[in-house]
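Just so it is clear, A, B, C and D label the chains in written order, and each chain counts residues from 1 on its own.
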């Protein structure tokens, strides 16, 4: 996404978010503004509070302090359903599919959810819904497996179906929790490219948690680095991913030493599926 | 208020004493049900039948001719252990072992079928006429309990023995689960059956052991109840629904919670017996609904760990 | 040490493994590579006896394991760190590690000896030891799962996707721990699953690739 | 399978009429079986959401007592039946608002608890309900015509068959509608449903109220057929019986409940005749046999036969 297209006005604004589980601070004063139309990547070590941020923004967890504004309106502590209605969608680290339904039925249910499910006697798979569902699956390259049951899919397809369901609601902001985890390394780039194309076409603003630095580098406009419930750094990927603090904390190399980064063992392309 | 107390003080005292004894019995049964559910993940509808059969067996054994009076107490224990050790392993091995992988509704129905079978079996063995044997209660005699400037004569059996056994069970079970290896093994299986197996734990043995222990506890509850009441068909059904109420109110997998809830429900019910007899059966459920309205996961239950 | 010979496994009627043959020699370090759903976890679970093969043979230390109940694997010195950690959340980290050793009936002295060994290999665990396992982050949990597997796994350990979900920094530390393991316990057989072959190359001597339930 | 179902239903209905005509003493049994099948249909809806109600007999009891109380003043089948359904539905709505917050064991046990509350109220408030003696239902009429003798039996049989057919159709359409499919989504991934902006509670509530209405209709038919209502209708074992029939019939198809109910009632009648004292035991053994050896239930057996017939 080029800078020219971007509208710099803020779509989502989090101020001073705090949440602790037991003694562990999952959010310790998070301030973050997400701009309209941007792709913002969140990186950081395990347990830094990345998923917690998504959970708070989508109403799954209620912050103990701070506020979240979306499009000028305060949405702090609203229920997930109310937040979905305002145009915020999400996908999950572990894909949340209806496992006893087919891929097509999953998509159709998501579409029906947008249009309203309260019709007791119209079949779910009526023509109008099927057409839209197939179009949706087509866009994500899932049409070939539309009649497979969701629990029989491989992880990559499950991830895509999960995101497809979130986009079926036509959100304006989409939060994705590790969209590429579980996707085989060889397929990862193709999956992300598909995803980026679909989201760009629909003019969706995206926030995504990601462990793969290549994906972050290629697909984000800005990167936020999470560490122990705080934002350690925020900026364009070219800058942030070269910051020595970030390298030490997140990527695990002592300094900007090319031999260390490409040496033996899991290196910065490391943690393959994570 | 004062005049009410003058008129009803004795009745209230009696209700509290009765409630305490009753709560002790309810605890014995529901803690076993809870333990079995925690480990096997099967809600055993036939658990109440163990209670009933324990009670009938105790009454029959205790009624044998030539038994010295002092033996009336050990006989209760003996009956419970016999019933639990015979029924528990047989049922676990033959029936439950086949259904651990099934859906909950199937498991419920299997134990429901078992309940129906055991219900008729009781009628075949002990008939439908009331059976009673209160030698143990009479042998221990009564004690005068001072209450609100008055005295209430109450049986020692109900005042000391029942709460004593319940308390010993509570403390013993909590100690066993936390401090002994077998206890920790049981807890590990409760948390994660497969991981426990990979750690070298024989989950099948743990299931057998736990189910048998649950059966003994239920039978012991019945055996201890037998000298205080006359036994009729249907006591098993009554007990199981009450135990369901206790564990749902307490929250699943709670031992101390089950004890406090049993006390709450036992006292509530016995107060109702004296002051609003038509509400006797309803009170435990009113308590349960009231609690779950405020705390959907039960009084002491932890909210489900969320994972997205 | 660990062998699958033409093993087929079906889960809920759907075939997951089709005639898989896999050999991990004593003291060998072997990677099992494949994408998600290819059958890696199923292979390990079958070796652990948690799934029963519909065809083929499972050998542990050269012996047919068909009649061996699942919980006997630990007795044979096989440790297992599942992909999703599966720690006992209410126990402390130390209790999690000690439990399998106690179940085997090891003496207190032997348990302490093994604990010291594992703490030496995985120094991170020393500070974690008193903490409740339920409160750990995913990455820390992976370390504990490895430590727990090593408490009984004296002849072999099976690690299921140990790097999955680890941030790069933690993945690096985990890999270092595996290297220390290799140097300190040369007689220990290790079977690791991974979806990225590059990652394990420096750590293993042999690699099997599994695709759609078959060794490619 | 789904396409064959209407034909199977028609064939089944004709078979029932033929049996009721050939063996009049079975007509009474079959009417009760159809009524129970209707209640079980409601259980089936909840099972689709993965929830087991161990207390739905309470709604059957509500329907039955509505008939018993109202029959002396307005004893017309065409009035009593909707009245019973409405009352059961209204109570189901009130209870449902509370109970749809809970899942699994809590859902089961709360239903059971509330049914036991109703049971003891019915039993203890003798002045109103005549306690465990129960109430005799006053003579009835249909569309103004008094019912008596063998004609009454046929009217009730016809009523049961008609109501069963209507609810069969309703359930069949409902289950493939978005709301019905969302029920199955509650079973597999309720979180996702919420994040699609759909109220899982609302979805479950609709099914719950519908199931209460079905049970209410069943109770009304039972009361009008047997002409005697007792608190036992609400007892938890009656609820267990409904779940039992649902599994016996097989949870696969919408016809299952009726197959299960007819099978169940026949086993019960013959067990009661053959082993008077241990019919419960015989029934329990039959249930175990079905679960262990024919897990698909009667519906599963028939579906298997049909598939084999088509294959050859």
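In the analysis below, contacts are C-beta pairs under 8 Å (C-beta built on N, C-alpha and C of every residue); 3 or more make two chains touch, one makes a residue touch a chain.
Bear in mind that the values here come from a model prediction, so they are computed numbers and not experimental data.
Undergrad: So using the touch definition from the top, which pair is joined by more C-beta contacts, A-D or B-D?
TA: Of A-D and B-D, more C-beta pairs in contact link B-D.
Undergrad: Taking each chain's centre as the mean of its Cα atoms, which chain lies farthest from subunit C?
TA: D
Undergrad: From the C-alpha centre of subunit A to that of subunit D, how far is it in Å?
TA: 46
Undergrad: Quick one: report the Å distance separating subunit B from subunit D, using the average Cα coordinate of each chain.
TA: Taking the mean C-alpha position of each chain, the two centres sit 32 Å apart.
Undergrad: If you average the CA atoms of subunit B and of subunit C, how far apart do the two points sit, in angstrom?
TA: Distance between chain centres: 42 Å.
Undergrad: Would you kindly tell me how far, in whole Å, the mean C-alpha position of subunit D lies from that of subunit C?
TA: Each chain's C-alpha centroid was found; their separation is 51 Å.
Undergrad: Which residues belonging to subunit B are in contact with no fewer than two other chains?
TA: 308
Undergrad: Among all residues of subunit D, which ones touch two or more of the remaining chains?
TA: Residues 191 of subunit D touch two or more partner chains.
Undergrad: Two or more other chains touching the same residue: where does that happen in subunit C?
TA: Not one residue of subunit C touches more than one other chain, so the list is empty.
Undergrad: Where on subunit C does subunit B make contact in their complex?
TA: Counting only subunit C, the residues touching subunit B are 48-50, 69-75, 80, 82, 86-91, 95, 99-100, 102-104, 148, 152.
Undergrad: Taking the touch rule as given, give the residues of subunit D at its contact with subunit A in the complex, in rising order.
TA: Contact set of subunit D toward subunit A: 173-174, 176-182, 184-185, 187-189, 191-199, 203, 206.
Undergrad: Along subunit A, where are the residues that touch subunit C in the complex?
TA: That would be residues 21-22, 24, 43-47, 152-156, 178, 181-187, 211, 213, 248-252, 264-274 of subunit A.
Undergrad: If you look only at subunit C, which of its residues touch subunit A in the complex?
TA: Spelled out, the residues of subunit C in touch with subunit A are 14, 35-37, 135-140, 161, 163-176, 179, 194-196, 198-199, 202-203.
Undergrad: Name, in rising order, each residue of subunit B that touches subunit C in their complex.
TA: Residues 181, 184-185, 187-188, 191-192, 194-195, 197-204, 305.
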